[in-house]
Amino acid sequence: MTKTDVVAMPRWDRRNLLSIEDLRPEGIRDVLDLADRLQGEPPTRATPEDFHHATVATVFFENSTRTRLSFELAAQQLSAKVLNFNADSSSVKKGESLRDTLSTIDAFGVDVIVIRHASSGVAVQASRWVNAAIINAGDGQHEHPTQALLDLFTLRQALGTQRGVMPEDLTGLRVAIVGDIRHSRVARSEVLALSAMGAHVTLVAPSPLLPTSVEGWPIEAVSSDLDHVIANTDLCYVLRIQHERMVEARLDDLDAYRHRFGLTLERAARLPEGALIMHPGPINRGVEIDSLVADAPNSLILAQVRNGVTIRAAVLSLLLGARRDEIQGAVK
Amino acid sequence: MTKTDVVAMPRWDRRNLLSIEDLRPEGIRDVLDLADRLQGEPPTRATPEDFHHATVATVFFENSTRTRLSFELAAQQLSAKVLNFNADSSSVKKGESLRDTLSTIDAFGVDVIVIRHASSGVAVQASRWVNAAIINAGDGQHEHPTQALLDLFTLRQALGTQRGVMPEDLTGLRVAIVGDIRHSRVARSEVLALSAMGAHVTLVAPSPLLPTSVEGWPIEAVSSDLDHVIANTDLCYVLRIQHERMVEARLDDLDAYRHRFGLTLERAARLPEGALIMHPGPINRGVEIDSLVADAPNSLILAQVRNGVTIRAAVLSLLLGARRDEIQGAVK
Amino acid sequence: MTKTDVVAMPRWDRRNLLSIEDLRPEGIRDVLDLADRLQGEPPTRATPEDFHHATVATVFFENSTRTRLSFELAAQQLSAKVLNFNADSSSVKKGESLRDTLSTIDAFGVDVIVIRHASSGVAVQASRWVNAAIINAGDGQHEHPTQALLDLFTLRQALGTQRGVMPEDLTGLRVAIVGDIRHSRVARSEVLALSAMGAHVTLVAPSPLLPTSVEGWPIEAVSSDLDHVIANTDLCYVLRIQHERMVEARLDDLDAYRHRFGLTLERAARLPEGALIMHPGPINRGVEIDSLVADAPNSLILAQVRNGVTIRAAVLSLLLGARRDEIQGAVK
């Protein structure tokens, strides 16, 4: 380790991962760089440290099989143990308070609690209640930081392949986030992460699917005209459309949505050369994205899934490593 | 090992844990002492023996996430493998008999079956049907022995801290068990365990929530007047109240219950100095126990959860160890 | 390894296990021989190779707790990691296509996908979509190859015990498969496996429960008269009867079925000496098989369950070993 490394110490304390804002660009780079190293290792050496005495609890009050499994695989890669707490079949149903449920899981002695909940701010609250490290795996319409991190990681890799050299940051990259931004926890984390790395973000949606206010959001522009934006977009980030939102958006049906806001084959053809396509999944083929577009060479959708495991392993490794250092420091 | 140790050999055969009565005081002390050693070890040496070839199956015909997870964590601490059998989604639904279900799980070659079932006596029956060791994790309104063991362990620790020395037993300790004793599987195990260690137990409940007969229960008294009992109570063990029982108890509502039988802040203040509070969880704040009482320094509720994992690891270790000895004996 | 071994190299490529037909007799023998070795090892050496960096995903679109747990235990025996994907609570419910779901799980980087699905042919399709090895754990009414393999293994063991020497094949063995053949995925795999090893198979069922055509099935005969067949049967393989099929079969009730097609105590007494009884489970005691028959010494039902874990460990070991060889070959 050189002197410069010491100076560049991140201000993120690595106690929790609650929000992209906590990380700052330095923290984001730490996670991404560790993920790079994890993917570079041969499969038999994938784990930089051995956490087989650590336990990671996934505590999902909303269903999300893919996110939960991604964390489970990440923990397994670190040899950590995993405990799946299923809120559906738990004492939550018997009227136990959220705080008591989390305190109980904490008292079990787990090291990390990965939490998803329908209410914004639950992850921050949880971090005040428990001793375990908290990872926010989606709280209401607020944040979903590991999604943003894996997207940055995927984007950096793809740009590195295109340019032959890994970019330092995303300065000048023109990003359009398209779809149901109002109800998306992904959108907010995405905007924060992309803009922190220097990208210019435009939100594209029918106005009922835009946030009521974007004051304070670090964005370039808001638009309801995807056709206008598309030609100046280096990354088109498509969000999932949920059927039940269509009524609120005053769009008669999914066809109408696709017609104006779907990333159709025609629209995708109007993207600049080298432009990339992302989607957090699961995708609605033929609604927000055409099937051929989702499977096109410039679509990073499966790379996002693959990198999700790596990014979560990197985050878990940093949090577990920080806890270990703290315990060893306390013992000395 | 000294000669005395050999003489003090427990009469518990360590083949199953079906009831507190099987253990006798010697068996109880063996479990508690092993739990002490498990907690004393540094985290990297938590396991006295390595059971990574052993498999523990949790077979729950009634939901109890916290008990199941506690056993799962305990097995993980011993490096044993865990198999979760969810009766909800199993061939039980296809009309398979209980015996066939258990025989199938046994034929899988698991070493321990942790069973919970709505009918009293199922654990004993199961132990006759299978080769695996059976741990009773609650059978009807009969027993829940690991709950009683973890409570004894927690109590011994707390008294040890108070007195500066670990008590040999609980001689003279005045315990009030308060609440729905009739429908509680915890109550019976608790009474047996506490009295086996020398405590004096009083049951406190409205009469519809008392057992129809307490003949043969090793208790001091039965009362329906918590206010009378409270001043002479060294340990107030509060049971969970289930809404649906209120009708049977002819109490109009939960407020009425709280008024007469809840461990309110006012009542808790009338406990003797140094008195302790326990509850098996999950708690109904503001019903059987006030929120501030549950979180008070003399409440052992979270210690109970924490110790639950340790006690279950101790029980699993004893059962798995006995099986290993038997196999090795047979090979010789 | 002798020269003969080299010549006898199986033509099965070990990339997937989709159908018994893929295996050919050589592949079947490879699986059975490896299973033999796995059972022969002392428990602490049960694993021929260590696959602790491998991940096996169970992806069940239809419930089958016993099959899923059997695979889970098998993977644990190899020290592989297990990921349970529950289609009920997944993005499948959000309308994701089967292909996208499988591609996502594949992108997680799992090595083997064990799939069960209500539609015939899904396993073959899946093998074209993903990079992971596919094991067909039941596709519609098509195949369930590991069930047939564990049955062959169990049968070979039992005949070996009877005869004092392990049989080379099943030449001349007279097998009756009795019950709902039309709707059974087991029946087809069973017929292919048994006949591949030289057995003579007769299908016995009321005609509505027979396949509409048995053209191309390698069977000896079809019968609706179990009483006629029973005296010439060395192995009576009883299938599970599902209540809802009775209407289609124009049988008023389960008693009527039992009367004509159940393996009752009376019928079982008419089996030739040394005849064996099998059933894939879960059994309906008193319907397709009498309770005393299921528990008789010549019933192999629990041995089937026990061997199921071993066979699946053998299959997983062969597939994971082939993948490892391929990776190492590619690296060289």
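Order of writing sets the chain letters: A, B and C. Residues in each chain are counted from 1.
Operating definition for what follows: a contact is a pair of C-beta atoms (placed from the backbone, for glycine too) under 8 Å apart; a residue touches a chain by one contact, two chains touch by 3 or more.
Remember, it's a predicted structure, so these values are computed and weren't measured experimentally.
*Asks:* Within the chain touch network, how many edges lie on the shortest path between subunit A and subunit C?
*Replies:* 1
*Asks:* Would the interface of subunit B with subunit C count as same or different, where same needs over half of all numbers used to appear in both copies?
*Replies:* Interface between subunit B and subunit C is built from largely different residues.
*Asks:* Compute the distance, rounded to whole Å, between the mean C-alpha positions of subunit B and subunit C.
*Replies:* 41
*Asks:* List, in ascending order, every residue of subunit B touching at least 2 other chains.
*Replies:* none
*Asks:* For subunit A, which residues are in contact with subunit B within the complex?
*Replies:* Its residues touching subunit B are 53, 55, 81, 83, 85-86, 89-91, 93-97, 100-101, 103-105, 107-110, 327.
*Asks:* List the residues on subunit B that touch subunit A in their complex, please.
*Replies:* Within the complex, subunit B contacts subunit A at residues 43-44, 46, 63, 65-66, 69-70, 72-73, 76, 88, 242, 281-285, 302-303, 305-306, 308-309.
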